[in-house]
Each structure stands twice: as structure tokens, then as C-alpha cells.
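As written, the chain order gives the labels A, B, C and D, with residue 1 at the start of each chain.
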Amino acid sequence: MTDMTETRRAGFFRALLSSRAGMLGAGLLALIVLAALLADWLPIANPTRRSLAIRLLPPIWAEGGVPAHLLGTDAQGRDILARIVHGARSSLIVGMAAVALSGLIGMVLGLIAGMRGGIVDIVLMRIVDAILAIPTMLFMLVVALVAGTGIAPLVLVIAATNWVNYTRIVRAEVLRVKDMDFVAAARISRVGTIPLMLRHIVPNILPAFVVVATLNVGSVILTESSLSFLGFGIQPPAISWGQMLSEGREVLATSWWVSTFPGVALTLTVFSIILLGDWLRDHLDPRLP
Amino acid sequence: MILRALGRFVLQAVPVLYIVSLIVFVLVYLTGDPTVMLIPEDATEADRLRLVAAWGLDQPAHVQYLRYMGNLLRGDFGQSYYYGTSALPVVLERLPATLLLTAGAMVVAIVIAVPAGIFAALRRNTPVDFAVSGMAVLSKAMPNFWVGIMLILIFGVQLRLLPVSGAGSFAHLILPAVTLGTAFAGDLAKLVRASLLEALGQDYIRTARAKGIPSSVIVLKHALRNAAIPAVTMTSLNVIALLGGALITETVFAWPGLGQLVVQAIYTKDMAVIQIAILVITVMTLLINFITDLLYRLIDPRIRL
Amino acid sequence: MVYRLTSRWNAVPRPAESAAHREMKMTTTRRNVLRLLGSSALAPVVLSVPFAGAALAQAQQVLTIAQSNDILSLDPANHGNNSTESALINIYDYLVRKEFTDGQMHFEPNLALSWETEDQIRWTFDLRDDVKWHDGTPFTAEDVKFTVERTQGDSSLRNTSKFHTIAEVNVLGPHRLEVVTDGRDPLLLHAFVGNGSLIIPKHAFEAAADAEAFFASPIGTGAYRFGRWQRGDRLILERNDDWWGGAPHWNQVVIRGIPETSTRVAELLTGGADIATNIPPEDIERVTGNGATDIASFNIARNFALHVRNEEGFVTHDPRVREAIDLAINREEITQYILAGYGTPTRGLYPPEIPGYNPDLSADGAYDPDRAIELIEEAGAEGAEIVVNTPSGRWVKDREVAEAVVGYLQDIGLNARIEVLDWSVLNDRLQSDSLAEIYLWGMGSYIDASHLLNLGLLERFNPHWTDAEFEKLSGEVGDAATEEDRVAILRRAQQIITDARVRIGILYPKGIYGVSDRVVFPGRFDEMIPAEQVRLA
Amino acid sequence: MTGPVLRYRNAGIEIGGRSLVRGVDLEVHRNEIVALVGESGSGKTLTALSTLGLLPPTARFTADEAVLNGHDLRGLRTEGDWRALRGSDVGIVFQEPLSSLNPVLTIGDQIGEVLRYKRGMPRRQRRTEAADLLARMHLARPAELLDEYPHQLSGGMRQRVMLAIAMAGEPSLLVADEPTTALDNSVQAQVLELIVETAEQTGVGVLFITHDLSVVAQVADRVAVMRGGEILESAPVGRLFKAPEDDYTRRLIRLAPKVPAVMRDASLAQPAPPAPKPLLELRGITKRYSAGWRGQGTLALDNVSLMVNEGETLGLVGESGSGKSSLARIVTGLARPDSGTALFDGRDLFASTDNSDLQMVFQDPFSSLNPRMRIGDSIVEPLRARGMRRGALRDRAADLLETVGLRSAMFDRLPHELSGGQRQRVGIARALSVKPRLLICDEPVSALDVSVQADILALLERLRAEFRLTTIFIAHGLDSIYSVSDRVAVMQKGRVVEEGPRDAVFGAPQHDYTRRLLGAILDSDPDNSRFRRREETL
């Protein structure tokens, strides 16, 4: 009865529409994603073309601003608006890819730890404790040496430390779900471990997982900007907001716009993701108020 | 009871410490030869190889590891390549600053977040609540270095109210503590709000209301204490995160904490310092977990150690 | 536990802060009086004995220096870091000093009053006899011998090869010694200046349990005694009233490491630092416009150059492509826009202060994009992919310079792109010879231009380039009969390597310090900040 | 005698525009216990809460008259207005004693609070008074209890503490909202007795909310039957049971448990039918759950031997913690015993990998169905696990749905779209899908409303015959298994203390514990009340 599913989906959107915060988050995020997707077709300047002659132009409304560069130019004379729009891609790709990868690893290991229990669980969770103690930077350096710098290695690094959070959450959820009667019923019926996980465990921990993952996208984007601050983030020629912020802070006191606009973009994105995530939590996860 | 908890603490610590040290060793080994970073720019390959031999870096990895572990068991924590001195004091002397900053940040966070969270919960779905939620989200969405630099520009440079950087006095602590504390206050306020709301929805609150006692007693005595466990958990997680990772704030405020040291050591592949720093952080983490457990017990008599 | 730590933390005395705050609160009258006193003491020779009356007043003063790097070690022989050296020169002394007056480098007496050599093999030094270590023990020739032999004898020290040309040190008297080199060494005096050269006390070092114990609270002969060191934060030095050079100017010297540029600038602007190193060009306006601070800019011993691969398999194997790269770069524009003029465009590798620099390698007429395009076409390299490696933040505007270079290479039809590498990764790839076609390097702190002819070093930075004449010159330079001959060889060597375009000089950056109006410090070519050369305004 | 403590005339409660309670007339006098009876959703609890102003914020209370102890409740709007009445004019005992007591505060604190704010007692006096209150609730060592926390108490003790809290403010009206539903049977009787005694001694009027007519018969003076937000019928207890006017009341009375005749007259016992061959034989099953890394652990099952004969229903009775659920887990293969053997039809049960011999129906209709799985899929899952083809599954599911009395079109529904009774039917269909020989029913109806319980029990009875099932029927009290069992086994603290033919166990119990459980059975005949102490006043 597909109409039933559709009703549920419609209910989801109706609930979203009725939540001001959720709508704000979803709308903003949709706008940002759209801009990132359409970056190449938008009527904006070439984000990498530099011209030292027009460096540090202020935004259009400030004195000295020119219409060709709405939000001004950076220290290399590149158009800030164009860089923000193109930078959205890296930031979102890093956020989503790192979350997807670490979520996948965390899901698998969390399922194993939660379902198997015993020594497997103990060893896995001790490894998780250990990984939490090791700074991301160390992974970053190893990966940078082995795989170079770029979006893919960055995603790898963030995933290398981030998976532990998912493992913990998934394990805790598995422990919660696996003692429920419907799991017992499946076991009495000798349902195999894999179908048991896929049909009973995973669908029931997915809402909590999705909420955590959504919120995590925001923090990963922030992590990228922090790594940029330390010189480890996305490197040119790729563009990221973290990189722009980090470059712009050098001229923060004299040319505020260089770092302020990417900062605003970053903050807005994370803001929208958190709003959406919070709403998702309220909507999907009945265990929380 | 406490002894048993301590026993569990040690039992938990030993394997974790071992796994940590092994992973760290492998990772640092993979980052390559530290001499590359440490020799003077005008040194030749021969000079470098002399250092390699002197530091025993020409030996196979497992030999280096066994030697390292052997020394460790004998209480020798090794030499810092970068600082050219025993690694242990290099790490330990950073601890007070790190602990101080962590404590300061927590105080700031709690002072902001708990009243804000209570207020938001009691004025649920009013503009006050939305404002608190909005501020909470915003505080989390702003990168730390941005906030830190802004605070310096406003309170240090413009208003000249507070010292810009460095450690030493209470005044020095304020800006970095606020930078870190506000970042965390948002989450904490949201959590306090949520757990307070949850606690207020419990049956025992209905009982308390049915007794006809004042609302303030209901909120502060009945609900807040029950809502404290998640907040304590989150605070302890954040303390743990800060113990190893106030890196950016430390850099911005030139605060001599562990974060800067660890990153410097990672940069320079300074094995002994990385190892000890991470081991110290791990021990502190486990200690915090232990203290958290004790706190749980204090707050909630149902929790047994 | 936390409470106890907190109280202990607060109990630590903070002379630097309290003094700085006192300073800020001082009335104008008092400040003017001090300024008057200070100016009366402003002697023509920087290191002269100050006027005794002024010294008293100045004894109240604290000098705070904010560097961009942390101090790594108090052991002169075991660090490789300019900021550290700049701090240590206040505690210990060199045998001789380098000064750079009139744009020329020359040696001046320090612990050694004079030196002479017939053959550049046997060198005798007459040492000062009025020097005392901070513990009151007199300084003797034995200390110099000990310093040299300790550095040579401990191969785990990072500057262990500092004295590699010295065969033996013979004590001829309490204040006279002979240094014998293993062959002619025209550069011996350089070995006694710079990282690893500061003289340490034999008696105290040997009395200490180990090196670590000694350097926990080291003593030297310098103008300032070791006070307190908080790693990652500050080194505090106290005046040494028994200094052989007279009464030191500052009551206390505080040297802080502040890695974050904007914080360093903020400290300068708010009076938290008297001198702040490495001010980025963008912040100059803030510093000069502040009314209480100014900029000191000066030439430094550093150059930016592109190191270009010349071996088979790279598009830059073709000399025409390398030449085109050389011609494509608008050095004037880079200097003007990226460094805000705080630099000197050049094709050369050593600035004029460096003995043996080549004045012919100027940037005049070096920019010829049309010719560059022709060369690229001749070489059939249109659209060839070229990657430029650069660190970011290692040297002032390094990444920005590399980005600009990439832009110029794109202009002449090359498909250039930048690959920014973390400093540690860059070094690793340099070591394993796996960098791209071009990498940007800011070589610095060299002794003189013979640095270039060190084939061991050349192999590190240009592992695939050989040239018969260059190698011949490398063999000859040590035996050059006269200084003129030596300089001629050095200039020729620079000509050869820049003509081969395996190193393409871009510019000499300037040092940019922010200096409080309260003090005077013009900056030094070697980027050292001796507290005794900083004076009250 | 003054007027009633509580008087409602034409009271109504609306939430979000929906009228949940209408036209309620209610009176409670001093020294009187008035029972408000109804199933879930009848509006009885809302009515009770309205007397304390504890309705949800969105609720709207209307009445022509609503007077509590002389106060007009209609004028009370704010929390502050109500605060004055709560505790001192009206007290309440809730259903779930554990969650209703604050877990982080001591008993003394929770009682003392009322004394402080309602009676303005100074600190020292509060302690004495609180201990005194506890003593009046027949709690041993009351002074020590003051410093203990709710989790350290048993369920019965907690409910006594709740009663002490409710009475601490010396209210005129006591609302008891299903006060014994969450308690074990043997404790239930004691708490009921205490409430009756309290009413008698203090003269407090009691509004007693319950779904259980046997409780009503035991304690109430007057009864009001609620359904769908309205009061169907209101009468003195004797008259209501003897001459119910409403069909619904009649049905409730019919379904209410009665004390089996054999308990009064052992000679009525029918001889046990000859034992056919045993289907399941458990021998010496022992199971210990470890408690952490050094704890002794708890002995859940202690050398349990049990037999279930082909075709019979074994009633397995035990209060919470007796080990009956552990036994079910072991029989179904969810847990492994530490020692012991089990033969199923002569084969080793623990070696079995097939799922068609044994199935289970769970107690909680909410958690026994995967909330994210369509009910059709849930039903055929055992078949799927046995490898049945996808195409055949749907037809089979449709059959099964109709077998348990559901429409086959419900295949695509999700559990949350079903009522509790429907869910339990789905659970039964799932268990029957593989045509098991042994069905374990773990309190299959205890979470359901009385009228639904009857339907499900009837369904099980029908299917038992149809599928020729052998059944283990687990329950926490003896009252609910008399009608379904052939034989009965009683468990206590991990052991089987008594086992035998039904009538033998009920008529001539051998073990003390069995006798105690039998004693806890309440008769839904007001004439057999053990607690009521006086003639009806109205």
C-alpha cells in the first residue's frame, strides 16, 4: 500500500513545514546546496582568477567597492563571492563524505560490538577509547605524507577519528534494541544474524543515527576550518571556507570582508544544519523531548 | 565501593594505555624520520645521518618499539628530539595551564548555560526560549579562532580591558576561557533545557505538584538534580576533549597548554613527547571518567559503583 | 585537585605582567623624565657602556619581545631555531660578533678581543680577562675549548657539526687559545657566531649531574641571567650587574612566543610587547597608524627562490622552459603587491650584505612575458602541466608568492597549479626527492655565498643538477689565494646556477618588526634581537 | 455531618477541542470510598486528575458545580491557586510507585516537604512526624526508612510511602489512581487493606480509580462505571454487582475474576486426566546471571525440573523475579542454561535449529512488534527464516491474519496504526505461522483492557484446539490462569515450589507460597469482601 508510505512522507514534510526552525534550517541548507551545485552556471566571477591590481577591493556597498565584485576581493584579487560559492562545494563534500564514511565504519563496528558482545565488544571499545585519545593532527600528518593533501585525504583523516563516535552511539542503540521483544521473537524463529540486523536492528537505530549524522556534518565542516587554521585543511587550488577564513584573518583588521563573508557562510551553513538536525531529532526520535 | 571503582579504573586504563601507545608509535613511525625536520637548513645529508645514528633511528621499527617500551617499563620516558631534553617534564609542565584553562572554560560554560537552559525550559516555546536556542546554535556554529581573535580585538585592543595573550593571572584566563566556554555553553544550555523538560515531565514531578509545594522547589530540588546526569556527562566529555584539544584557542592566545605542545611534537615527529602527552591525556581521560562516575553516584543514589 | 592547581598557578610571580602594567599606569610626567634620561643614554655605539646615572633609572625597565616562535632549548648546541638563538644571546656570549653596519658584514670583538692567523689553519685568539660567569667564576680559554669539544663530541646534538672544520683547540694561557682547522678555513670566524656557537662554562657544566641539570638553570657570561622559563609561553631574564660590557639597560627581559600573528600584533598595539617580530604587510598600517607603535623594516639574510627540476621526465628538463619560467615572473609586482614593497626583487640568491653576493643578478629587465611565450612555443610546451610546491606560513607570504608565480606561469601558456604542502610533508618530500617540477624555498641564515658551493647541500636542494664548472669551482673555493679570488669564484657559481635556471631567485624579503615608540630598535640582518641593542626612546 | 468532600455536577474535560469527559456527576463523602471504574480511555484518570488541577495545560475543565472541601474548583486558574489546595485538601496516590517517587531524594525529604509547606512544621518535628506517618502505614523501622531512597524499597513499601506522602498534609480527599495495578498480587491485598484502614481511621474520603472490578468489590462503598468519558451507572457496590443496569457493567462483572469454587470446597476437585506422553521435559535447569566482574550474580533458575504433556496447558505462575521469564527464555533458546537438560519430544531441545516446534506470544504488544516493519512481514518472518518463497508468503500472511480475526488488508500497516488488542493478534499470528507444537504465552493479556483480554483469551482457546497446541501460559497471579490451565506450576525465587493438576493446586495447595498467592485472589463479589468494615451507608 504505497499510499500509506506517501502519507507518511507527506506527514514528514508537513511536520517540517509546520516547524519554523526546521523550515529555516532546511531552506537555508537547500539554498547553500543549490548554490554549490550550480556554482559553474551562476553568473559569478572565476573564483581562481587573480589580479594583484584589484586586490582587497571592499564589498560593493562600501567606499571603493565595484559592481563586478559584490563582496569584494581577497589579497590575491580574487572575487570573494565566487570563492564562497565554489568553496561551498568543498565544505559540503568534506562534511558529507566524512560523515558518510565514518558513519559506515561506525555502523558496522558498532553493530558488531553490540551484537557480539563479550571479548569482541571489550576489545573494540578499548580501541575506541584509545582512538579518542589520539589527536586528529597525528592522523592528518600520516595521511598527508602517504596520500598527500586534498579533499580525499582530508575526508579520510576526519573519518579515521570520527568513526568512534558512531561506533559508540550505534553500540548503545543496539544494546537498547536487541533486548526488545520483537528481536526475541525473530531469534525464536531462528532468523539469521545478518537479516536480524538488517531488518530489525538497523531500521530501529537509523533515526538516532540520522540525527547524529546530520548534526555531525556541521561539526565536520567546522573541523575542516579548524584544520585550515592550523595549515592542514583543504589546500589551494581547491577552495574551502576554512581556507578563506584562515587566509582572511591575516587581513582581518584592515580588510574585514575577506574573512567575514566566508565566516558568515560557514556559520549560516552550520547553523542551518544544526537547526535541521535538532528538528529531525525532535521529529524522528520519540525518546527525546 | 570506591576501591572497586578504582580497581575497575586501573583494569580499564592498562589495556587502553597499551593500545594507545602502540597506535601512536605506529602512526609516528609512519610520519617518517624526525631528523628531516630537525637538522639545520644548511646541514648536509652526512650531518643528518649522524643524528639518525645517534638517535638510533636507523634500527628496524620493532627494535625501536621494544627499546621504547623497555625504557618505559624502567621508568625512562625518553628524550624529546625537538627540545633536546627529557620528555616527561616537557609534558608535565604544560599540565597546569591546560587544567586551568579547562576549568575556566567549564566554569564559563556552566555559569552561562545552566541558568539559560533553566530559563528556556521554564519559558518553553516563548521568544526567550527561541533566543536561547538561537544563541546556542550560533555559539556552536562559529569557529573558535574567529571568536578568539574577535575577543582579542574587542576586549584587548579596542577596550583595553583585558590582557591579549599569555598565561599568568586571572585576567589572562578570561578571554581564552570565554572563547572555549561559550562554544560549549550552547550545547550545554540546550541539554540542560532538554533534560530539565524531560525531568519536568516525569511522574515524580506530578507527585511533587500534587503535594502543593512551591514551583521553585519543584524545579530546583526535584527536577534539576534529576536532569543533572546528562549535563554532567556532557561536561565530562567536553573536559576530556579540552584536555587534549584546546589547540586553537591555545594558539590564538599563546596559552602554554598541552594542545600546542602536542601539535608541535606531531609536526616535528617528536616521538617521546607525543607518546607521553597522549598517555597523560589518556590517563586524565580515564580519571575524568572515574570522577564522573563518582559524581553520578553523588547525584543519583540509584547508581552503584 | 583543580583548586589546588589554580592557587599554585596564581602564586607564580609574574614580573613581566606586573611591570608592564606599572608601565602603562605611569604618569606622563614620569614617562617624560624617563624619556629624557633614556635619550641622554642613547650612545652612538650600540654596545657602549651606558651613562651611569641613566642606568639606575633604566634598571626599572622591562623589555618585552614577542617572537613568532617558541623557544625550544636553552642549550645553544641543540636547537636549530633563530628565535631561540635570539633569546640565548642574552644569556651567553659568542667569541666574536657579526655586525652589519653600512650594509656590510664584519666581525667585531666580543669574548675574544682579537684574533690572528697566518695560514687560515692556525688561529690564535686573545680573550677578555674581565669576564665572569653568572656564578662569579672567571671565564677562561678552557671554557671555549670545552664548548667546541662538547659540541663535536656529542653526535646527538643538533649542531654537532657546527665546528666540523676544527681539528683541535689548544689552550695557550688562561685567556689565550689556538684553534687549528683541518685545512684552510677562511670561514672559521663564522663558526663562532650563530646557532651552536655560544660559549658555555666548563666548570658549571661538569659540576652538574648532566646537561639537562645544567640547562635547567643555565649560566652564561651574557648581559642577562636566566630567570624563569615557561615553555610555550615566556622566558624571563634578569639583569646581570656584573656583566663585562657594563651595566645592562634593562632590569628584565621577557621573551614571549606568540605564534598567532594577529595576537602578536594585538600585544604590540596594547603595549603588551615592545617589539613584535614578523608583522605581516597587511598589518603595517595598523601598527604605524596607532600613534604608539611603528614599523622597523630591514634587510635580512633570506631569499625566495624557485627550485626547478632539470632531470629527464619533467617538462622543465628543457632549458627553454626553465628560462621561460624565469622570464614570466614579474618580480616587481610580487614585491609591490604581496609584500607591500617590503622586499627587493632579484634574480640573485644572496642579498648584498652576504660576502660574495653577485650584483649582476638583478631583477632589471628580468620580466619578459612575450619572450617567455615564444620560448614555451619553441619548446612545444604549451599547456604543459606544472605543479608548484610551497609551504604555507613558513616564511612571510610564501604561499601568496607561489600563488602569484602560478598565475604568471598560466599567463605564458603553462597549465600551472599550486600544491601547498605542510612544512613537515614538504621536508619529507624534499628528503625523498618527490617534490613537483618547482618548489618555492626561502633559504636563509647563511654564512656567506660559499654556502652555495657546498655540494652536500646542493644535493639536498637540487639533487639532479650537475655542472662541471660548478663542481670545479666548489673544489677551488677553499683554496682561493685572496678574498677577491674567493669572491670571484662565488659570483661565478651564482651565475652558473641561475643561468641554468635550476634556482630562480625571486626576491629578498625584508624583516618587518613592530616596535613600540617607547623603545628604539632598527632590526638586524641576522634577525637577532640582543636586548642590549634595544634602547629606550 | 457536613456536605460531601467532593461534588461534581455535569463536569466535562476538553483537550484540543475533543471532549474526553462529559456530564460527570460525582460525590465523595467523608469516610467513604467511591470507586471510579473503567477501561483505558474511559476518562476516569482525567476526572481524578481534575480534582488536583493536574490536567494537561491544554485541557479545559467545565462544570456546573465543582466543589472540593468547600472550595470552588472552577475559579482556580493558576498553578498558585491550586497549590493551596493540593496536599492539604486533596492528596493522591499514583499507579506506578517507583516512578512517582523522586529517585534522588530520601523518603524523609519527600514526606518532610509536605509537612513543611502544608503544615509549616519545623525541621526537627518534621522528622518525628514523618516517621510516625510511616509507622501508621505499617512500615517497619520507620526512622531508618527516612534516610533511604525509593529504589531501596520494595514495590509494596513504595506504595505505602506514597500513601504516607498523600496523607501527610491531612487531606479531606484521597485520590487513589490504580494504586495496586503495578504491584504483585500478594502485596496488592495488603495495600488495599491499608487504604481501607486509612479511610476508616482518618475519615478521609477516597476516590478510587481502577479497572479491576474485583478490587472494587473488595474496597468500594459506591461505584461509578465510566466509559467513553461518561458515567454509565453509579450505585452502591452491592446493588451494582447484584443488579447492574447497563450492559457494559454487566459484561465487566461477567468478565471479572471469581474465586474458583474449588478453593472453597476442595471436594469439587476433578481428578486430573491421565497423562499422555510428555512433550517437553526440563531437568535440573540452572541459570545464574553474572553481575559485573566480581559480583556473585543472581541465581535466576535453581535446579528447575518441569514437564509439559502433549496437548495440555501448563499454567506457570510466579511473581516478578521468580524466574518464570528466564525459564521462557531458556525454553525458547534465547538464553543458554548453565546446567540442565531439556528434551523436546525426546530430542535434545538445546541442539535444535528449527523454529517450527516452539513459538512465543509476548506480554507487551508494543515492543513485541518491530515498529518499522509492516505487520504482514512480521507475521511471515518465521516462515521466511525457514526459506519459504516470497510469493507464497503474502498469501500465507493473509490466511493467518484472518485466522486471528484481522482483515488481510492490514498486511501493509505498521504496528503503531494498530490497537493493543490487534497487535496481540498479530503476535499470535506470527507465532502460529510455522504451526508450532508448543506455544509459550508470556502474560499475553495482562497489558490489555479487561474486555479485550476476554477476546484474546477466547482466540487463544479456539486456536489451541484448532492447531492442537501444547501451551505454557505464564502469569504473575493464580487468578488469571484458573480458566486456561490443565496443570499449574508455581515458581518462587528461581524454584518450582509446587506443581500439579489445576484443581489439586487450587483446592489443596501444598506449599505456603501457593497458599499465599491463593489468598491474594480477590473475589469480585462484594459480599465476600475481606476489607470492608461496615454496612453500606447509601
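Brief remarks follow.
We adopt the following convention: contacts are C-beta pairs under 8 Å (C-beta built on N, C-alpha and C of every residue); 3 or more make two chains touch, one makes a residue touch a chain.
It should be emphasised that the depicted structure is a prediction, and the values quoted were computed from it without experimental measurement.
With centres taken as mean CA coordinates, the chain nearest to the overall protein centre is B. By number of C-beta pairs in contact, the leading pair of chains is B-C.
With centres defined as mean CA coordinates, chain B is found 22 Å away from chain A. Work out the mean CA point of chain A and of chain C, and you get 43 Å between them. Measuring from the averaged C-alpha position of chain B to that of chain D gives a distance of 49 Å. In whole angstrom, the spacing between the mean C-alpha positions of chain B and chain C is 36. In chain B, the residues touching two or more other chains are 31-32, 149, 153, 251, 267.
Counting partner chains per residue, chain C has residues 262, 423-424, 428 touching two or more of them.
Among all residues of chain A, those that touch two or more other chains are 141, 145, 249, 252-253. Looking at the complex, you find that chain D touches chain B at residues 52, 54, 79, 82-88, 91-92, 94, 96, 99-105, 113-114, 117-118, 149, 151, 162, 165-166, 169, 293-294. Residue ranges on chain A touching chain C, taken from their complex, read 50, 52-53, 55, 75-76, 141, 144-145, 148-149, 231-232, 235-237, 249-255.
Within the complex, the chain C residues that touch chain A are 261-262, 265, 280, 282-283, 285-286, 333-334, 337-338, 392-393, 399-400, 403-404, 407, 417-425, 428.
Considering their complex, residues 1, 4, 180-182, 184-192, 195, 199-200, 203-204 of chain A touch chain D. Here chain B touches chain D in the complex through residues 4, 8, 11, 202-204, 206-215, 217, 221-222, 225-226, 299-302, going by the rule given at the top.
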